[in-house]
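After this come two complexes, each holding chain A, first together with chain B and then together with chain C.
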Partner chain A sequence: MQKTLWRYFALYRSFFSHNLKNEMIYRANFVINIGLDIFFTLVNVIFFAILYGNIETVGGWTFHQTLIIVGSVGIIRELAYLTFRKGFLELGEYVRTGNFDVMLTAPMNTAAHLAFRHVSLTESLGEGLMGLILVGYGFAHLDAATWISIPFYLLMLINSLVMYYGFCLMVSSLVFWLIKSQELNTMIYYFMNTARYPRDIYHGLGKVFFTFLIPSSLIATTPATILTGKVDADLIALSVLVAIGLLTLGLFTWTKSLNHYGSASS
Partner chain B sequence: MHISVLLYLWNAIYKDEQSLGNYSLSDLITYYVLQLLINGMVLSYISWQIGTEIREGSFSNYLVRPLNYLHYWFMINLSGKLFEGLLISVVGLIMAGLLMEHISLPTNFVTILHFALAMILAGILAFEFDFAIGILAFWLVQIDSFKYMLQYGMFFLAGALLPLDLFPALFQQIAHALPFRFMVYFPIQIFLGKETQPYEGFAIAGIWIIALYFVLRFGLKRGIAHYEAVGK
Partner chain C sequence: MTAIEVKSLNKTFKTHKKEVGLKGSFKGLFHRETLYKEAVKSVSFSLEEGELVGFLGPNGAGKTTLLKMLSGILYPTSGQAQVLGFTPWERNRDYQRQFAIVMGQKNQLWWDLPPSESFLLNRDIYGVNHKTFRQTLDEMIELLDLKELLDIPVRQLSLGQRMKCELVASLLHQPRVLFLDEPTIGLDVISQEKIRSFIKEYNQNKKTTVLLTSHYMQDVEQLCKRVLVINHGGIVYDGSLSSLSNRYIDHKVIKVRFAETQSPTAPSNMKGIVEWDEHHAVLKIQKKEVAQVTHKLLGDFPIEDLSVEEVEVEEVIRRIFEESPREK
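So, the complex of A and B:
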């Protein structure tokens, strides 16, 4: 077990350094990517700033508390790009062209290969850095901030990452039937985009929908509750359960779907 | 998906007995349903194709044809928007049906006429701005990211994300002085019966449309002089 873990760690490292070298060749592109990310994050912040210029709270969340949610989305996105996100973006192409054969035959777990194949530090770096700044800024302006909450926040971020991965696995499994992944990727993108709003705005059916079917009300709000002193044991338990549930379901649909892969032209 | 989340957001705000500016919950929901309609019927996205044509050199084909590139794209955009408008109207009607009790409808016929006129002006203006972004490709080769920012910034100042009168006073004045508000904010304000000077707005939008037309003709001429015909 430990040996396999080390092996995958080494594999990740070599994939990572290979991809980083590739990305650094195109320096201008790298700068533009970051600039674009910062621009869009700023637009989001301005949206909330204007909104909070007119009102006090949204679902009980103040402006600075909401910034922590917005920042958390950025951090989770960057973590996802560092671990698995790009593979799913490219999966449709692999399946359509039959290049997915390589992943199936390589001496490495297929899901892990897909995830690590294109780990990217820079793809979402601007949003990740902006996320850190926003979380820091929001945190510094809180009344109820305690340093002790930070490690628990990080733990819940990892939980959210697991949730994100499970969701991606589940949704992307459909690629093997649809052969096209554009719409699925758009859906995953919107899933993260709508995670910026506090969970407390939902009620009734919408709450159930955005918790169990599309967990966008949990993924960023749950970590943010810890930093903002809104800790709720039930919410944390729910998030962990949803993460585990999605991962299990995702792995299940993924394995089933692999059998449906028909390859192409070879 | 995004609009349903926004509906929850507005609902939550109004449930806490807060309100945004002088908008009632119904006004706000109507604002976003209309914004969805306008996105389909009015806002133009042809600059992506124009940019590609110029960058990849297929623009050369138009140079030898007896047609005006600006007019040509205007007609293409018009037909596209009419078709998309038809589709999006169906979606809009279904949504309006579902949200019936939350939709603020205009009460008199003149308002509807004003709204229709404002939508037409908005469509022309949106096309002109998008065309301007498209022909930037004559001077800047790789501008996709820059274009994203321009387009998004423009839509923001048009009131597509938030109604402009919720902005802080200074930004409100800036947004009011710029022509972008005629693309989204102005037609919706008319529909909601909040626009106090529709005729003045029509006149200003009309002047912008005419002025931009000449600027674009001039820009296109300069652009063609600058054009390198890559790959031909």
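So, the complex of A and C:
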């Protein structure tokens, strides 16, 4: 077990350095990516600044508290690109061209292979850095801020990453049936975009929908509650359970889909 | 030792029929007729370790499907296969470390990076130790004359150069079984030759079991003592190339050049004439009558040059493919 873990850690390092070399070839692309990321994050901040210019709180969240949610989305996105996200974006192309075959013959876990093959530092770096700044800025302006909450915040970020991964696995499994993945990826993108609104704005059926079916109300709000002193044990327990549930479901559908590919591709 | 053992392997693909035109596409949204295509039909054969065997067949004969099943990419519909003692489609890591598949039409190298980077990554994926890696790589660079290509981005390489690099990338872990799916497709004659001689040498030196598919006759003719001819999903011949000709072809070709101008009309007492003019003649003669006909030709006509030739293997194969009944 430990040996396997070390092997995959070493593999990640190897893939990461290859991807970085690959990204550095396209410098202009790199600069444009970061510029766009910063621009769109600022647009988001301005939107909330205008909103909070007229009202005190949204669902009980103040401006600075909301910045932490928005920032957390950026951090989670960057973490996802650093680990698995881009591989899923490319999956449709792999399946369509049949290059996915190579991943099935290599002596490593296929899901890990797909994820590592496209780990990207720069794809979402601007958003990640802006996220860090926003979280820091919001945190500095909170009265309830305590340093002790930071490690717990990081833990919940990882939990959100697991949730996100499980969701991506589950949705991307459909690629093997649909072959085209553009629409699925757009769907995942919008799912992440709705994560920047506080969970408390949802009620009734909407809340259920954005908790269990698409967990976007948990993904950024739960970590943010910890930094903002809104800690709620029930919410944390719910988030952990949803993360475990989605990961299990995701792995299950993924395995089923690989078997389907094995019997259907030519 | 047996390296590959295949027993009555079947693979049927399910596809959907689509009617022509926009109207047909629209209909297909609601009602689709399912079609079953038997890509591989009860195929059985076995390969000894170290053998180099060619799979010969036209497009769509089922060659690639077979190789994909043996690599564990595809599940069979029914039947069994053992490669190095493993069932391929269980995708056992220990099996995956011991075989390689190279597909002439697919690319596993990193497009924007030099091939040497892809080699390093494969070293890590297959867990090859650094010293062995260095040795294996140097050996192959020497054999394939790759030294100058190592630091050029793959996208700038020619098809032939890229194919060589694909081969190297797949052989770094020194597989015991190697599947080559049309490794020379689209290459010029010189590159084809280079790849061929490399495969031959590699097979002899390393005792690697090689199963190669191609629809280029020369590939198989030069590399493989044994061929499996596959058509419409089934194996129609398993044996040596030379006995393939013996079995399917019962005649030889005699070519003649006359020393003096002859009458342009063919003499009625000679049989098997294919071509005849003032200067040349070509005759197709039953093998057992070759000596007799040659003797007669030499006696009756002023001959400057005469040759007796075997029918080309390509012609033999073409015959087999045409003979096998085509199914609906």
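Methods note: the second predicted complex is superposed on the first by the 261 of 266 C-alpha atoms of A that agree within 3 Å, B and C clash if a C-alpha of one lies under 4 Å from a C-alpha of the other, contacts with A are read in each partner's own complex, and residues count from 1 in each chain.
Everything that follows uses one rule, which is that a contact is a pair of C-beta atoms (placed from the backbone, for glycine too) under 8 Å apart; a residue touches a chain by one contact, two chains touch by 3 or more.
These numbers were taken from a predicted model, which means no experiment stands behind them.
Novice: Using the superposition on chain A described above, determine whether A:106 touches chain B (first), chain C (second), both, or neither.
Specialist: second
Novice: Counting only touches as set out at the top, which of chain B and chain C does A:179 meet: first, second, both, neither?
Specialist: Once the two structures are laid over each other on A, A:179 reaches no partner at all.
Novice: A:259 in the overlay: touching chain B, chain C, both, or neither? Say first, second, both or neither.
Specialist: Touch partner of A:259: chain C, not chain B.
Novice: Examine A:21 and indicate which partner it touches, taking first as chain B and second as chain C; both and neither are also allowed.
Specialist: second
Novice: For A:40, using the defined touch cut-off, is the partner it touches chain B, chain C, both, or neither? Pick first, second, both or neither.
Specialist: In the superposed model, A:40 contacts chain B only, not chain C.
Novice: Between chain B (first) and chain C (second), which does A:231 come into contact with in this model arrangement: first, second, both, or neither?
Specialist: Touch status of A:231: no partner.
Novice: Does chain B (first) or chain C (second) touch A:208, or do both, or does neither?
Specialist: Neither partner.
Novice: State the interface residues of chain A toward chain B in the complex, per the touch definition above.
Specialist: Contact set of chain A toward chain B: 32-33, 35-36, 39-40, 43, 46-47, 50-51, 53-59, 187, 190, 193-194, 197, 200-203, 206, 210, 216.
Novice: Quick one: which bits of chain C touch chain A in the complex? Just the residue numbers, please.
Specialist: Chain C reaches chain A through residues 13-14, 39, 64-65, 68, 71-75, 77, 89, 91, 93-94, 96-97, 99-101, 103, 106-108, 110, 112-113, 117, 120-121, 124-127, 153.
Novice: Report the residues of chain A in contact with chain C in the complex, numbered from low to high.
Specialist: 7, 10-11, 14-15, 18, 21-22, 25-26, 97-99, 101-102, 104-108, 259, 262-266
Novice: Can you list the residues on chain B that touch chain A in the complex?
Specialist: 1-2, 4-5, 8-9, 11-13, 16, 18-21, 145, 148-149, 152-153, 156, 161-162, 166-168, 171
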